[in-house]
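Pasting the structures in now, so scroll down.
Shared chain: chain A. Partners: chain B in the first complex, chain C in the second.
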Partner chain A sequence: MSNILTVLIFFPLIAAIFGFMVNQKSIRVYGITVAAAEFLLSLWLWASFDSTNPGMQFVEQLSLIPQFGISYYLGVDGISLFIVIMSTLMTLIGIIALSVKDDIKNMIITLLFLEVAMIGVFVSLDVILFYVFWEFSLVPMLYVIGAWGGNLRLYASIKFFIYTFAGSLVMLIGMLYMAFIYHSTTGVWSFSLTDWYSLILPFDVQKYLFLAFFLGFAIKVPMFPFHTWLPYAHGQAPTVGSVILAAVLLKMGTYGFVRFSLPLFPDASVAYILPVGIIAVIMIIYTAMIAYAQKDIKQVIAYSSISHMGVIVLGTFAMNTEGIAGSVFLMLSHGIVSGALFLLVGVIYDRKHTKIMSEFGGLAKSMPNFAVVFGVMTMAAVGLPLTIGFIGEYLSLAGFFKVSPTLTVLGGTSIILGAAYMLKALKNTFFGPITNPENENLPDLDAKELTALIPLVAIVIWLGIYPKPVLGPIDTTTKALVQMMHNKAQTKEAKATILVSKPKKEAK
Partner chain B sequence: MEAINIDFAALNLITLSPMLITLLGALVILCIDLIKSDLDKTLYVTLTILTLFVAIGATLSLNINERGLFNTILIDGVSILGQLLILAGSMLFIPLALTKRKFHDFSYPEYFALFLFMVFGFQFMAASDNLILIFVGLETASLALYTLIAMHNTKLAHEAAIKYFTMGALAAGFFAMGAAAIYGVTGSVEMDSIVKVFQSKMSEPSIMVPIIGGALLMIVAIGFKVSLIPFHMWTPDVYEGASASMAGYMSIVPKIAMMVVAMRLFGMYMELDIEIVRYTIIALAIITTTLANLMALVQNDVKRMLAYSSISHAGFVLVAIALDTTKGYSSLFMYYSLFMFTNLGAFAMLWVSRHKYNVHHDRFHHPYEKFAGMIKKAPVSAVIMAIFMLSLAGVPPFSLFWGKLYVLSAVVDSGYYAVAIILALNSAVAVYYYLKLIIYMFLKPEDLSQGNVVYANRSLALEMVIGLAALATIASIFYVDPLMQFITDLVGASGY
Partner chain C sequence: MEKYLYIALFAPFVSSLFSALFAQQKKMQFVGIVAPILIGISLMSSLLLLSHVHESGEAVRANLMDWIVVGDMNITFGFAVDQVTAVMMVVVTTVSTVVHIYSNYYMDHDISFNRFFSYLSAFVFSMMILVMSDNFLGLFIGWEGVGVCSWLLIGFWYHKKDESKDVNPSVSPSWAANEAFIVNRIADLGMLVGIFLIYWNLGTLTYTEVFAQLGTLDHTLLVWIGITLFIGAMGKSAQFPLHTWLTDAMEGPTPVSALIHAATMVTAGVYLVIRANPLYSQIPEVSYGIALLGTFVAIFAASMALVNRDLKRIVAYSTLSQLGYMFAAAGLGAYWIALFHLAAHAFFKALLFLGAGNVMHAMHDELDIFKMGGLKKKMFWSFLMMGLASLALAGIYPLAGFFSKDAILEAAFNEHTYGIWFVLWLTAGLTAFYSFRQVFIVFLGDERYHEIGAHPHEAKPYALWAMSVLAVLAVIFGWFREDFMEFITKFLPAYEMSEHTHHMVWILTIVTTAIAVTGILVAFFKYSKKLNRSEKTENSFAYKLLYNQYYIPHFYEKAITKPYAELSEIAWQELDMKVVDATVDGIAKTIESSGDVSRRAQDGNLSSYLKWMTAGFVLITIIAVISVVIK
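Our next item is the complex of A and B:
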């Protein structure tokens, strides 16, 4: 099937539109069926993916606005493949675990629309198409936070929307400028990313373009100092909103770095390694410290999420195979782990309607299964070896070590600090005596929650022990990417940085 | 004895993808029913539509002129067109399950699974040129269809299902015997090798008997399924017994599937220049159109009238098969793609006006009197119904006019002027009974004794289907040309 990507994008869209016909009472089954079909379809994509081919596969191209070079251009490579699979998986899990009571129909239809946007972002190779899906993803999320959120939901959703929208508008200007440069160099209009890859820009043009794109992506990641929208969004969003937000939407930013910033502007990227690295390290340490001080368990996870995103950025800007492959892998592991942690917080919130840690304590006694799953996910978040969290974090830091050992050491504190705040949260919630008598008879995980969580636990352990099936294709594509950046780089410094960190040995 | 060597490349699963999707959809519905019982029918309707939609997408992305399933599946332009019409017709039909009144049929999820199994069977019929596979598809579809009719669960529906089952079994028997006769002569069930064997044996003296015998058996079998006179006896009763929506569906989709089979089969005979088959078909077509029209004149029930009218339409299109020209075959598909909207719309109008018990007549649900003065009670419905009737009568600019135009022009192009004149005169006869309904709706006084029951079964889904059908009927002038282009390209690509 050559047009599987089109099917992946439009199947949830059609299903969402038809979803309006389904009765409220049966919509959950409908949502699960559609999301499961979509997930199986994405697994099929993986099965028919050629992991030895580093280039774009399943490419589809169709001219939309020929005068302006805009086309419907899709493709998937080792980097985007697994993010697509993770998006479909997390949507499925999110719908299975959905605990929203009112307006569940609108919620499920919204989630399906969101899935369209997420997959569209990760498989678009035309920049305008990418931008369309990028912006489209804001609307369903706005609705999810605004309609099902907590008390401050309107503030949180508007803040989320305006922040990301502002950033992406700057990025849009950058895209238009880039297209203009392409036009003036080659004489034709094109928004195709692969065409843009072949263009070598002068250094000072690269600098400005890099900054324009960087702003758009950095807000989405979110990087310090633009991170303030995220704790609000997480704090107010319903469980499923947080899951999708943390697992997939944040990855759009880091995916943008890998897909756009690095290959389009290699010289500028190298020139900005130091500032970006410093921001990333600030982000890691600063938000980790905030996380330690939180009383609300969801906020702990929200800030830890930002902290880990810092490691991903660090790995990406290592500009070498280990770093980039590691950061892509970390995107996946962070998606799975933080998604699972938000689900777990949702579980306890559904029972107690509070997220304040001091209300809990000794839950391991009343909810043993819950405690075990939470423990596994905490370990993975901390980056314990043999869990999925370790591999990405290790590779990212190892990659950045070649660029700057000092910053890497500082960034490496993320593991220690992470252990500190996560274990503190774990201890306060699950161990010690049961201080609050209400907690003695809390029901343990039910069938629905177990169905959602067990696959995630399995993935955390499977990929922690044997990451090769995922890391292999990522590595193949990353190598080709680094090679291309090396060939494109003009300044001596950039050539050296990208070359030095291009060892022949396997990344893993 | 040689070891059988199976090459899995010959499986070429992609050619099966539209059918497999339908099948999967049916199985998913069964599984959901297994896991959770108290689900709403809207869920199943939506899943069915979604499945059909995806299957349409898969059909559109097939490569033309490929073979699969060990050379038994033939994906040519005709099979793509056939499958598209089958899927589109099914998609138009299934929202009609979302009625306001509760009916027995739709309370079972199995209804929707069976429906998809039936579509699966029809798709097989359209996509294969292997007599055995066609037979399997035919039986899969027919058995499911009998059950679907019976699930309406009225006395008349049971009668209809049994009647249809008996007749259908007889037809299937004829089909099997015809296939056996052909196999006896040629030693093959694949149409392309059958043609070759026939050609090489044409000079043999006694060959004509089994060839023509096989053809006649096949004509009987197909005649039953497409309801040609004199094999039509079951049709009005079955339509009357089945729910109005199901009757509308039966007048379109099963016939399209069978027409594709007829095209392939009789196309083979035309290629061999066996003129008697051609003349038999033309004769059957003329008899069917004329007699069905005459019988429709005297009906008291609109549904029975529409049943006879659809028999007459089937006869009308059948001529196109006897022509054996690209234009003829294209006009057949053109006719059915336009007829689909109009006729299903007309039956859906009856479905909207369906009430639980017979109010107006002892036996019939939809006697003409029921629609008397409808223009006062429900002006929009009356106008839409009138448009469907005018379209069925072939009044320009409504859609079926273009269908008739293409068929007649194909007939004239092939030089059968007399046939064209007979068909044209028949259309003039048909106007009478279509106009009769319009006269009842617009000019007769309202029957005040029965209260307002016209809208008894109305719901948003039904209105949308009718609206879509009406739109397709009215706005046909804007899409006829590209549609014809699309159809001609596909038909031409498959060498017909």
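Our next item is the complex of A and C:
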């Protein structure tokens, strides 16, 4: 199957359209089947992926508007492969755990459309195509928050839409300018990313383009001070919306750094390490503190997401294989862990219709399985070794240490502050005596919830102990990426900072 | 031999998983039997490995699989059992086996009996990873693993509610657990930085490779590595100023205190310094700092133990104090002596805690020693064993503590660091005093327990038999000092006493024993008949200062915990909501209202359109004229 990527994009799209014809009763089964099939397809993609090849695989190219060099151009490498798999996995899990009562049919169709957009973003190699999917992803999410959200859902969804859209427009201008430069240097129009990679830009041009792209990505991540849309979006979104948002949509921003900013503008990326690092450190510490102050457990997780994204940004700008590969791995692990935590918050919200921690306390007694899963995910979130959370965090910090020890130590406070807010939330929710008699007989996790959560627990432990199957391909591609950046770098500073790994030693 | 390495490592893991299967069910007696057997198997394997290492003099190595392979980083699950590791393994598994058996008695009526064994065995597994790993990141796995198990076990009785600090200085089990975890995390950041420094400068994290290349690094860098790794050690071993969590950790069940917070986990920091001896011997200034800090902690903790009334906290302070001794020895370069004291201490301190557990059971979980007294009649064996443990702790001949502590004092004398020697010597006296103050108040004197309606009883025989293993070791372990030295110095640097010290040994021994005996005698005369309390002393400034732990927990609360919470609140409410988010909304509102204003331009009134048109025409004309003029 050489056009598996096309299948991956269009299968959920067609399934979503057909979904309109499925009746309300069978739509859940339909949705799960489609999402499961899509997930299996993505696993098949992994199985036939060549881990030793650092470049793009399963490439498809079809010219769309030849006058402007716009084409339908797809491909995956070690970096995007696992983000694609995570997207299909989290969509599947989200649909399994779906607990909305009203209009479940439209919800499932919306989620399938969202899946199309997510996969599209991560496999597009044509910049216009990428941009189309990037913007398209806003629509289903707008709908999920606006239609199924809480009391402030309209405010939250519009804020989410306009804020990220505004950033994207600046990015679009950057993209068009980039294409213009490509045209004026080579004489041909092209929006192909791989063509753009070969272009070496003057440092001044790089700086402006870097900033244009940066704004689009930074709002998506979201980086301080562009983060305030996220707490509203999470606060209002239904559980499944938060899961997808935290697990996948935020990763589009950091993925953009790795896919665009670093390889296209290596000199500018190196030049901006310090400001970006400072922003990342601020966002790590500042949002960790805000998370500590929250009364609402969902907001704790929401702010903790921002804090962890700060560590990912640090890793990305480490400019060495350890850091960048670590940040890609952390994107995956944060997706799994924060997705699971939002699911867990949803569990408790379904039972009590509140997310305020003071309403709980002592839940470990009435809901022991729930407490165990929450505990495992908490430990993964605070980066305990042998859980998935440690590897990415460790590598990101280790990588950035090479660039700036001071900022790394400041950013490393993440492991302290993260433990502080997570353990506080855990204590307030699960420990102590049961103060509210209503909580005494809360039902523990049911079959549906266990089906959604157990695979995530398994992944958290499996990849924590044996990350090689995932880390290997990421490593291979990242090494090539770093090599390319090093080769392209013009300034002395960039040459010295972008650290190429030694060729692989013989296996001992 | 590789086989035994894996058995020693994974038997506790199997035990933990097995117990976890029944974690949410009511007590199952077989869990309490299977778990100690599996830990016992681990002990047997450890002993086999010890004897193998002893005979061959070679380390046993094994490589399980790759873990993190990225860029130039190549980290495997590698294990190495050398002399130091073998000793640590035997100490850990010995105490663990005893504690596992004893827990059957102590946790008998607990509804979470099975869960307890699961956590306890998971701890042993983590500790084994910690001591068996052949690289720094493997050590870090164990390091964090024991931290989590400690968190789980301190907060084992999670259902208890928060009290004010005056009622319960530890607030609640879950509070104490979080405190322990977070304080340790502060130290772990230091350790991670040390690991990063090693990685980026040497390109490897494996002990043997790192220590072989140390010579290539410049001195400043070595100092930084030494300091950052030691910060990690300070957290686990609860050295000042990161010490407050240890006494609060006494909220956990007593077998936990015996195993984790006395014998094993808290000595991980000492283990790290011993393990990294090739590094620390190259940076004498850092080592000297370690020795000074250890000495300070020794007397600092002992002073707080003098006045405390809480059965377990007294023992916790003495643990802290003894850890100080170990760091003093390691800092002075007497690594093998530090390890020797570590092992001896593990035996007698675990024994002391288990004895305290017996007393707590007899007294229905009462911890105030002033409410006890005269328990000897009802609990002779517990009295005997706690007495033995206290004698060992006080360093009385011929018990274990005599040999190990004496060696530390000799080393301090030998290094001509007489200040350190003097403080440690003085602390030896304080140690003897507070240990026997506790023993005499609890077991001798008038029977005050009637007032609280307690009916004390001796522990079950099997619990006492389990304890007797430790009692025997607390007595005889010191006799093997020469053998131990010979064995361990094949790996650790030998520590030679100078001629001068050799001549002085007898005098030093007599002086040290004298102050210890004095301490015991003072305690005897003061407390053996009845509890002598004086209002005046108890209201004095010094007493209150000591009783309130020099007000350090209060200070932390006021200077760190509270301001952090307040600052967080401000960051959220004032900064994030009112500045950052308000700016975003402000921009959006400005755009909206400007649109609102300009909308009036399109009101559908033809005459106003004409006015705008005229105005526009005039404006453009003016601009055109000006631009022409300028050109």
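One rule holds in what follows: the second predicted complex is superposed on the first by the 498 of 508 C-alpha atoms of A that agree within 3 Å, B and C clash if a C-alpha of one lies under 4 Å from a C-alpha of the other, contacts with A are read in each partner's own complex, and residues count from 1 in each chain.
Here is the rule we go by: a contact is a pair of C-beta atoms (placed from the backbone, for glycine too) under 8 Å apart; a residue touches a chain by one contact, two chains touch by 3 or more.
Everything numeric in this text was worked out from a predicted model, so none of it was measured.
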First, second, both or neither for A:S404, with chain B first and chain C second: neither
Which superposed partner A:T413 touches (first chain B, second chain C, both, neither): second
First (chain B), second (chain C), both or neither touched by A:N439: neither
Chain B versus chain C as contact partner of A:K468, first or second or both or neither: second
Chain B versus chain C as contact partner of A:T477, first or second or both or neither: neither
Touching partner for A:T316 - first (chain B), second (chain C), both, neither: neither
Contacts of A:I27 with chain B and chain C, given as first, second, both or neither: first
Contact breadth on chain A, by residue count: chain C or chain B: C
Contact residues of chain A, present in both the chain B and the chain C interface: none
Residue ranges of chain A in contact with chain C within the complex: 159, 162-163, 224-225, 227-229, 286, 289-290, 292-294, 320-322, 325-326, 362, 364-365, 368-369, 379, 382, 384-386, 390-391, 394-395, 397-398, 401-402, 405, 408-409, 412-413, 415-416, 419-420, 423-424, 427, 430-434, 465-468, 471-472, 474-475, 478-479, 501-502, 505
Chain B contact footprint on chain A (complex, rising order): 1-3, 7, 11, 14-15, 18-19, 21-23, 25-27, 29-30, 33-34, 37
Chain C to chain A touching residues, read off their complex: 24, 65-74, 137, 140-141, 144-145, 148, 151, 155, 158-162, 172, 174-175, 178, 181-182, 185-186, 188-189, 192-193, 195-197, 199-200, 564-565, 567-569, 571-573, 575-576, 580-581, 583-584, 588
For the chain B and chain A complex, residues of the former touching the latter: 14, 17, 28, 32, 36, 39-43, 45-47, 49-50, 53-54, 57, 61, 95, 98, 461
